[in-house]
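The two complexes that follow have chain A in common; it is paired with chain B in the first and with chain C in the second.
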Partner chain A sequence: MKNKDKIIAAVNNLRWEMGENFHDSLMESLYTEASEIANKSIVLQDRKSKFDLDRFIDRIVTSKIWGFPLMFLILSLVLWVTIEGSNYPSQWLSYLLLDTVHPVLKSFSADIGLVWWLDGLLIDGAYLAMAWVISVMLPPMAIFFPIFTLLEDLGYLPRVAFNLDRFFKAAGAHGKQALTMSMGFGCNAAGVVAARIIDSPRERLIAIITNNFSLCNGRWPTQILIATIFIGALVPSEIAGMAAALSVVAVALLGIVLSLLVSWFLSKSVLKGEASTFTLELPPYRPPRVLQTLYTSLIDRTLIVLWRAIVFAIPAGLVIWSISNISLNDLSLAEHFIFAVDPVAIFIGLNGVIILAYVIAIPANEIVIPTILMLTVLTTGLAELGQGTGVMFEMDSLQDTASILTAGGWTVLTGINVMLFSLIHNPCSTTIYTIYKETGSMKWTIVSAILPLVMGFFVCFVVTQLWRIFS
Partner chain B sequence: MQSKCENCPVYNEAHLKKLGIKMDNFDYVVALAGNPNTGKSTVFNSLTGLKQHTGNWPGKTVTRAEGGFEYNNKFYKLVDLPGTYSLLSTSADEEVARNFILFGKPNVTVVVVDATRLERNLNLVLQVLEITDKTVVCLNLVDEAERRGVHIDEKRLAKELGVPVVATIAREKQGINNLLAAIEEVALGRYKGRPKKIKALDPKISKALDKLIEVLKEEFPDTPNLRWVAMRLLEGDQSIIDAVNSGELSSLTIKDKLTVNNELI
Partner chain C sequence: MIDQIIALAFALIFAGLLAFIFLPENGMYNRWKKRRIDSRKMLIENGLKFIYDCEYKHLICTLNALAGNLGINADEAAKIFEQMDEMNLVKMENEKITLTDEGRSYALKVIRVHRLWERYLADETSVHQLDWHDRAEIVEHFLSKEETDKLAARIGNPVLDPHGDPIPLADGTIPKMSGITLNKLTQGDVGTIVHIEDEPKAVYSQILAFGFYLGMDFTVLRKSDDRIVIEADGEEVKISPIVAENITVKKQEQEYTPVTNRLNLSNLKPGEKAKVIGLASNCRGSQRRRLMDFGIIPGTTIEIEMENPLGDPLGYRVRGTMLAIRKNQAEMIYIEKIKTTEDEYAV
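Showing the complex of A and B:
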């Protein structure tokens, strides 16, 4: 014990004697040593003044003029390919899982005389929820993730970070937040964990709280679908796909802007401080090994994310079927909730169905759309369109979906608001749990969950009021 | 740089058995450190047969990943640490790397070095050498360096650093066998070298260091890396001051136990 005190005392004494330049002097020794060793062991070969392709590409993709338009173009292109490419496989899958397997299951359960509620709960609840998620989620993910991973392997992400760095700095946040934000475009929980690369606790917290504004892969399909139905319908069909893709890009960009605004707000108020500097290394462009990338992005990302969606869709299907079939005073539980929140919800340009769907979908954003469709049918008495109370809807064609939503009182405004609300609302439960694990603070976890939710309601409210004034 | 045999699966299989995540009984622990984006995860995958996603951007691995392999009938547990530029600063990922090398007491620490940026990468190597002598330098991406007209004399570098240096192209699985051989040599204690220690330029500092090491020796006679501890104490590193106070530093002398500060926060 005494020795320990002696050590601490000796340290304090010596630090006092040496003054302040210990760290710098030590660093200097380190750098000198490193540079001497490097010089001794590097043999420079005769350098042909070769054209440096990396530099050339970098000068374009990080240029002040071309940097952002290129980013915009690449993102639009990736989304457009995803939207156009996932159309047909989505239809095949829904034909297989919903139109073929579902009736087979139904007749099988009739043959073995399954009780009606067990039949409903298992086949119309759990199975349909799972089947719907697979048919809608799998195709876009199987296209989007490999392309995104190829861009990642190529070394494009650090260039994006480089382009965005000055904005984050101006917002009082860490430049590396651009990287964690990019991770968030895949999965917010992953983005929150990635914030560990940020040194200062203040900036790390800002990165964690604002990661929710990166559209995650649970929300891309929602955006793509609603944009295809409502935005694509506003323009001639030849350019519908492009218009839908561009509107999704606009939502994603809005997410970036909000991320910056909230970061700025936080660093000017509760999380005050200066942005710290850092060195961002632009790695050399490496030709991606396409086959391995396809393999890892299919196994690591697509299947894992899909599995997660299925795991959450099955209990959600059970819940939806139950609340639509358990009645209290002649109204189902779902209807009670929907009618109660309808006045407020419609005032801000949404409706009770959408709110309830978002409550049910807290575990996974992936299941928002099927839940909305099912609940809409339930409340508008469109029962003949559906296959019974509490059945999650399939998307045989976009036209069917569109007609259900229109019957539910949806307008272009509702579509736009749902796209906005899908971007700006509380993170999914996995992300919330991850935030708690990473920050260890209940307070900041609650802030990260509530702040975006309030903002989402506010944005929808403002958009609705403006829309009503100008139309 | 290598024989044709090395790329032949038959030859490789005889010596290296990739064990993936099966690593219950291991003889040695190998840590994989290095600057961000030097190909640590690629080296990790080619040794363990695992398919950790590798990405071309710094900061890919923020937590540690673990895997196992068997080489010449010995079982090795491989721990992939987050990429860091130094072991001095206090961000969470750097702390994971540093705590593991310091408290995890790996039998061998492999520092993966980007041959195209040798000088900057050496900063980390020198810091690792301050903590542990049992180090192997994996000089990766030598093909990229050659393309830029940079050739590195590995033998000279090994002599300067006092630890084995192995040139590799991890993406193409070249040089992996030499790396395994070097890991084995260091793990078994066969490699005899004199690892480089940082010379303090300022005589005042080296005197202060010597004084503090004397005091530290009384309390922690068996801790091998007291010089590094002294440096950190003089820098006012709170986590090391805490380790002195709690007596955790003396646990550094326990050889066979793995006491890792696993969690980040």
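Showing the complex of A and C:
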């Protein structure tokens, strides 16, 4: 026993004398040895004569002139393909699930004489919410994720991180946050999961908290619809489409700026620290394996995210139907809520319907517009436009949608505020749940949910006050 | 219009109030939290640390010195001393305060936590060097013995803290102080930095600004009463005696050959080739390992292959792979430019 203690004491003394460079020196000599052996035994053929395609592409995608425009062009192209490409499958799905299966279910429940409230709760509530989420969410995700994975496979995304790194470094964040951020444009939950690629815990947390500022797939339709109705109407009709599109892009860019600002704020305050090192390997370009990519992105990303969304959408459907159909003193619960919140909501440039829609659309941002329309019809008494109390719907034509919203008291200011609020509010429940699973911390989950919500109210409030001063 | 301006003003006041309460360092909430820490226990432990430090450096510790170190007046210091005396931690002979064996092992326990925590912050987190000490000052009063041993095991039982101070072992063993302070060297002496004192913060931040690090070799070029000029890593640095007193060095017997114009990777220009000659010692922990994993070790050829639209980071070709390295990290990689234009493409 005594001997052992002596030896340990001697070892400790040696460690103190040797200092801390010992490990490094050992490792350095191992690596040097290895490379010497490699140098002796490996002969490299002269590669200079060959035209290097990789270098040629790299010169363009990271050049001072073309680097950034190319990046925005590709991002816009991906988003455009996603939005345009998902139109038709979305229509088919909604034709199938909303216009075909829904009536069949209704008549079936009438045949077996289901009680009216059970019929409403299950079919108009739970089923319809699920059907909405699937038909609005599935096609864009099934298009966006494979394209995104292809770009990743191709080797382009690491170059995006490379180009943008300086901004993230200034914000005290990790360079790879550029990747999780662009992933967030598809789905924030997927973006949060993608933050696993960041190994420093502090920067990973920053990437997770700020991912919500990437305008996700579920929010693009809202942005486009509102921009077309309200922003497009401000300019001559020839350039209305352009103005609407530009305003949506502006909102998305604002999201990027906000995510950098919040990252900066977090790394200067609660998550104080230095930007850690960034040694990103830039892989050579290689032809993507299309089939494998399709399979993994569909299974790993699309279906998992969709499944979580459905799980959360069903209870939301139950809630939506219930609050519009359960009455207290001749007013439904929804109306009680709307009228109670209205004064405050209007003060900050929104209204009670919007607030309620965002509360019950926490499970999935896709159902915000259908819910807003349903609730507006409910409160304004335009019964002939709707499809029954508590039944979510969307209008076929823009004019009809616009007229419902105007009847609900919407102005250009409301439109702008809804666009801002849609960008800056709490993440959907799928994302919140994912944040909890990824961080394992209740505290950070709450911060990521509450922080953007408070910011959203604040921004709407300031915009409204300024608008009222200057108009 | 007036309403809106009033509303905006109120919102501004409200936001200010929130900031006032929740600001991370000086906010009311955090001040209140700090206040709840048992200040008596903290004073006693800090006092023990100070007395230990005096003994370690063979200085005489008086009641006044103790009061000065703790930032309290002489009366309060006397009270704290009385309490330590009651706990049988200290004794006083002819105005000189010394530790009892019990007090020494208590002090070493606190110091062990402090230095381990600094090591942990340096290796595993991205907390700035200047903040290591302040954070450890708080943590040292809370960690239990079991937690401390667990922490030590997790970070590989280190023996030195990031400033070069030895970390006491769990049983309280600690080596004797070695080395002398820089101001004791004379002109022409060659030395290696073995320890950088992290208190007071103002001096420490000056040392960091000079870019000094543990293990740095240097030569004393000139020395006068108010200035010491040293040469290190190819640069001349003028330092004041106060700064020199805070740097402990080991005198080297052999002649030091100054490295003239030591270049780092950030000096490399596109089209040039270079050979890596080493990594700076302040590139440590996982960062150092990662660079070595990519093959950045002495002898490796390196060149710029990709420029960045914003100028930073750059893409370097290293052993057949392309690596993006930020400027501040490139500064930690020392290189030697390869002059020849011939193609001597190493692996």
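Brief remarks follow.
Rule of thumb we're sticking to: the second predicted complex is superposed on the first by the 341 of 471 C-alpha atoms of A that agree within 3 Å, B and C clash if a C-alpha of one lies under 4 Å from a C-alpha of the other, contacts with A are read in each partner's own complex, and residues count from 1 in each chain.
By definition in this document, contacts are C-beta pairs under 8 Å (C-beta built on N, C-alpha and C of every residue); 3 or more make two chains touch, one makes a residue touch a chain.
Keep in mind that what you see is a predicted model, and the values were worked out from it rather than measured.
By the touch criterion defined above, A:S63 reaches chain C but does not reach chain B.
In the superposed pair of complexes, A:R55 makes contact with chain C only, with no contact to chain B. With both structures placed on the common chain, the touch criterion links A:I469 to chain C but leaves chain B unconnected. In the superposition on chain A, A:E28 makes contact with both chain B and chain C.
Of the two partner chains, neither chain B nor chain C is touched by A:K106.
In the overlay built on the shared chain, the residue A:A38 is in contact with chain B and with chain C. Using the contact criterion defined above for the overlaid structures, shared-chain residue A:R15 touches chain B and also reaches chain C. Of the two partner chains placed around the shared chain by superposition, chain C is the only one that A:R202 touches, whereas chain B remains out of contact. Once both structures are placed on chain A, chain A residues 15, 17, 28, 31-32, 35, 38, 42, 44, 46-48, 158, 279-281, 283-284 are touched by chain B and, in the other complex, by chain C.
Those residues of chain C that touch chain A in the shared complex are 1, 4-5, 7-8, 11, 15, 23-24, 125-128, 131, 158-160, 166, 169, 173, 175, 194, 214-215, 279, 281, 287-292, 294-295, 297-300, 305-313, 315, 319, 321-326, 329, 343, 345-347. By the touch rule above, chain B contacts chain A in their complex via residues 36-37, 51, 53-59, 62-63, 82, 85, 89-94, 116, 118-120, 122-123, 125-127, 144, 146, 149-154, 156-157, 160-161, 171, 196, 198-202, 204-205, 208, 211-212, 215-216, 218-219, 231, 233-236, 241, 244-245, 247, 264-265. Those residues of chain A that touch chain B in the complex are listed here as 3-4, 6-8, 10-11, 14-15, 17-18, 22-23, 25-26, 28-35, 37-38, 40-48, 149, 152-155, 157-158, 176, 179, 193-194, 196-199, 204, 279-281, 283-286, 288-289, 295-297, 299-301, 438-440.
Residues 9, 12-13, 15-17, 19-21, 24, 27-28, 31-32, 35, 38-39, 42, 44, 46-48, 55, 58-59, 62-64, 67-68, 158, 161-163, 165-167, 169, 175, 200, 202-203, 269-270, 272-284, 347, 458, 461-462, 465-466, 468-469 of chain A are the ones that touch chain C when the two sit in their complex.
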